[in-house]
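Going by the order they are written in, the chains are A, B, C and D; count residues from 1 in each one.
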Amino acid sequence: MSSNNLYDFSKLTSSIHEWLLGMMSPNWVTFTELVLIGLLFLLFFALLGLFLVYLERKVCAIMQNRVGPNRVGKFGLFQTIADLIKLLIKELIPIRKSDAFLFNLAPFIVIIASLMAMAALPFAKGLQAIDFNIGVFYIMAVSSLGVVGILLAGWASNSKYSIIGAMRSGAQIVSYELSVGLSLMAIVVFSGSMQLSTIIESQANGWWIFKGHIPAFIAFVVFLIASTAEINRGPFDLAEAESELTAGFHTEYSGIKFAFFFLAEYINMFIVAALAATIFLGGWMPFHIGSWEGFNHIMDFIPPIVWFFLKTFFIIYLIMWFKWTFPRLRIDQLLTLEWKYLLPVSLVNIVFIAFLVLMGWHF
Amino acid sequence: MSEEIRDVIIGESEDYIINIGPQHPSTHGVLRFEVCLKGETVKYLIPHIGYIHRGIEKMCEAITYPQIIHLTDRMDYLSAHINNEAVCLCVENALQVEVPERVKYIRTILAELNRLASHQLWWSAFGMDLGALTTFFYGLRDREKILDIFEESFGSRLLHSFVMPGGLMHDVHPNFQKRIKEFIVYFRKKLPEYDQLLTGNIIFQNRSKGVGLMSRETAIAYGVTGPSGRGSGWSCDIRKIAPYSAYDKVQFNEMLETDGDTFARYKVRMREMWESMNILEQLVDNIPEGDYTAKMKPIIKLPVGEYFQRVETARGELAVYIVSDGNKNPYRMKFRTPNFSNLFVMNTITSNYKIADLVAISGSLDLVIPDIDR
Amino acid sequence: MMNFELMNSISKYFSDMFSGLLSLWAGMRVTGKYFISPRAIVTQQYPENRATLKMEERFKGEIIMPHDENNLHACTGCGICEMNCPNGSIEIITDRIPNAEGKPERVIDKHIYHLSMCTFCGLCVKTCPSDALAFGQKFEHAVFDRNNLTKVLNQPGSKIRKEIKK
Amino acid sequence: MLNREELSKIILEFVPEAEIPEGTQLTEAIIPAEKLVELAGKLKSDKRTRFDYLISHTAVDFVTHFTAVYHLESTEFRHIIVLKVKITDRENAEINSLSGLYPTCEFFEREVFDLFGIKYKNHPNLKRLFLEDDYGFPLRKDFRDEVNMIER
């Protein structure tokens, strides 16, 4: 894999580290790096959120035979920035008899949960804030923290719509966590590691969705469905179900606090898509076909970071496609889907995979 | 505190009452439901109406019959033409005026086009109620074609006060027939897409099957007419029972489903769209030549008496009841609007269903609020 | 027997799942088809297409009183439109001016039209005995002041055409 | 489907004092107020008539009296009858409710109560439907609203 070294970011990061070491004490270096990475992520986070909102609006518009945003800037590219400015200057409405502290805290919990999950995502070789040896586990744990924020938002805003939405969201995320975990576990069993970089390295000769036979594909489908549910997106957007609960848990939020929820929803979508791309579609690994040396070589010249974003946005597109096609489920059907279909399927699937791995029947 | 009183208080405190409306995405207008929930399950529901009560019946007492037409437009604005036709038929019956055949044919075509447009909008909004947001745009996209036909002939898209007592305001546009035929060809291709997108969808079927069960007896007792009543197996199509205009000259079937659930009501409307196109096809080539209006006096005065006329709008039975004292304006005018009766069955058919089903049921009844309040 | 029922229910479980997934795919095909055919976009981009946007000739945009090149109209000021208007959006102010024979004759002074109250029912145009009124195609009626919606339809200095009978 | 003669015969059989006017568009029967519920019940259950569907209920203000008008249809035989009840007391207009027989009548009655001020005995929930509680009864001919109504 000579080409991977071509675009290796670890050289760049380690040289920055060396340079900083030459200037200050190791403790200060750690601190400076933390601040730098934090700032970088915040910037990336905001830009990505804005872009995803724009993308969603464009994608759904074209699906619905519309043009979509087209007023602000060329092709409406600056529309979401204009929206952000509008949200920033909007009044923050205090709700009477609401629990002011929790009410204000909730959006931060939601957004911090999705920020933290992003830390472990490998964008390219060496371009990863922190490479845990339990990366999959960490992302799973952190991304499900967001539900605490949602429950708080629903409870603290002293609105009946909000509390119903929050309760739905709680039931939903707790249930779907299982399927998400089990479908990720399938690949952990295949690759024998929870470290995201190791999982990616193990896909150098083929992505898990291809070389994991049918079980990996089943795990992929289950992950896609369950993670769509976990991030509260249509057809599983019961927590905000606008035709039933107006806006669900964020009914009473306005201005920038609403923007936090909104942004977190899109970032969560990105995280889930990135995770799916990393685990099932080979992360930043280029697309290779068996022994087609020439083809593989051309693919190698596309930088890994491009591959990563291509795959991620493909998954994001799939999630958007779901949302703009399907009607919403009812809460009991949602739970039936999880406990009656997804969970048994993924349980059987993981046993099957364990058997495959034991027999050594995978590539 | 006695045991009884405490029970009552606790019972009340467990009532979780939420207001759906008057501004809510799923009520399609200024309608308010006071919903009592237990968990997610609806215990009972009280509709509150009157937010858009304009007193059309009172206004009618002060204006002449041709002027009433522009008010009936604004009751059920989605089947505006059919409302107008009801008043015109009632006035013509009272005066014993025989309208020309051409007028009858054109009125029937307009009524069916209007029914189609109304059902398209209903389909769009119903999908949106259930969370499939794309249906809204596909439905409106196709409805636009009908509105374009309306605009070409009558100059307005929604509230075209086009019929008058005795005939029509003016003749239809020369392109009228051609454009309807084009539309039928176009919509025959698009309607199967509706089925693929929504009807066949497993989520949609789970959401609508067995939800909001309404028996035939309930439908009759509450006077739920139109596609909603026919979904319960009650044959209540006025076009069949008492044919008016040119409905006695066309072959068509009354769409009946016996399940009585939301999906049955949905299917009735979908099949009515196909049937409306069949009716249009039978009529559009056979519009007879002739006058577009019968000879009427400049000031219409009905003879003393009481007149009653029923028509089938897109949502059910519209009855017009005129009491005349021989003047140029009616002494009393009563509109029995379909939505008024259809609304009040909500409490019966939503109790013990989930709140999400409430949205689906109210969508399947296809309520238009100005028609309820008048 | 038990076994058969069990098998049946298991096969139903899987067939339900697959038919469900297939029905979902059918829906996704429809939206996917429109996603890759941007030509199906039907939105009119309104202010940009102003130059090409032409309303139908029968479009009911507003009530106008057509004047010919000699600034002549056909309104006799009879008041039938005012009488027929269901919501009082037409007011007619007439004058009495002596004609050639010296008899006072009714002449229209102002034909006031409240666009804000008009419902475009078309009764005034329909009932006008001398066809003095017509529908105009202008539809951009937004103004900053409500008073601007009250219009005088007869142009200043205009006269009635000779051939119109009273 | 029964014609006018047969229907009027049946009604006279049930309520001998009923008055069947001639020359009306639909078969009409003017009956005394106290016989209304009884007659409607019989018309609904009788095998020959089966008037099970109440199309509409309204009232008309004839200044000297109110007339409550019921349009009934049989979903089986498709005949229509109009029942009319005269209410002469304008101040305390009161009539028996038909909501026990026809649930839909409950809401027509509320509407009539709202707009005419006719009270219904045995009505489960007689509240105003459209208007505020202190508003007048707008469909009465003597109703005047100086603020919102323009006389022409």
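Going forward, a contact is a pair of C-beta atoms (placed from the backbone, for glycine too) under 8 Å apart; a residue touches a chain by one contact, two chains touch by 3 or more.
Model, not experiment: these values are computed from the prediction.
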Chain at maximum distance from chain C, centres defined as averaged CA atoms: A
Centre distance in Å when chain B and chain D are each reduced to the mean of their C-alpha atoms: 25
Inter-centroid spacing, chain B versus chain A (mean Cα positions, whole Å): 45
Whole-Å gap separating chain A and chain D, where each centre is the average of the chain's CA atoms: 64
Chain B, residues touching no fewer than two other chains: 134, 141, 197-198, 201, 203
Residues within chain D bordering two or more other chains: 152
Where chain C touches two or more other chains at once, by residue number: 24, 27, 30-31, 42
Which chain pairs touch, all of them: A-B, A-C, B-C, B-D
Footprint of chain B on chain D - complex, ascending: 23-26, 28, 52-56, 58, 60-61, 69, 71, 75, 78, 80, 82, 102-104, 106-107, 111, 115, 129-131, 138-139, 152
Footprint of chain D on chain B - complex, ascending: 49-50, 53, 55, 57-58, 62, 93, 220-223, 234-236, 241, 305-308, 310, 317, 319, 321, 323, 331-332, 334, 336, 340-341, 344, 348, 373
Touching residues on chain B, where the partner in the complex is chain C: 63-64, 66-67, 69-71, 73, 134, 141, 144, 151-156, 159, 161, 164, 169-170, 173, 193, 196-198, 200-203, 205, 298
Residues on chain C engaged by chain B in the complex (per definition of touch): 19-21, 23-24, 26-27, 29-31, 42, 56, 58-60, 84, 86, 119-123, 126-127, 135
Touching residues on chain C, where the partner in the complex is chain A: 17, 24, 27-28, 30-32, 34-35, 38, 40-43, 45
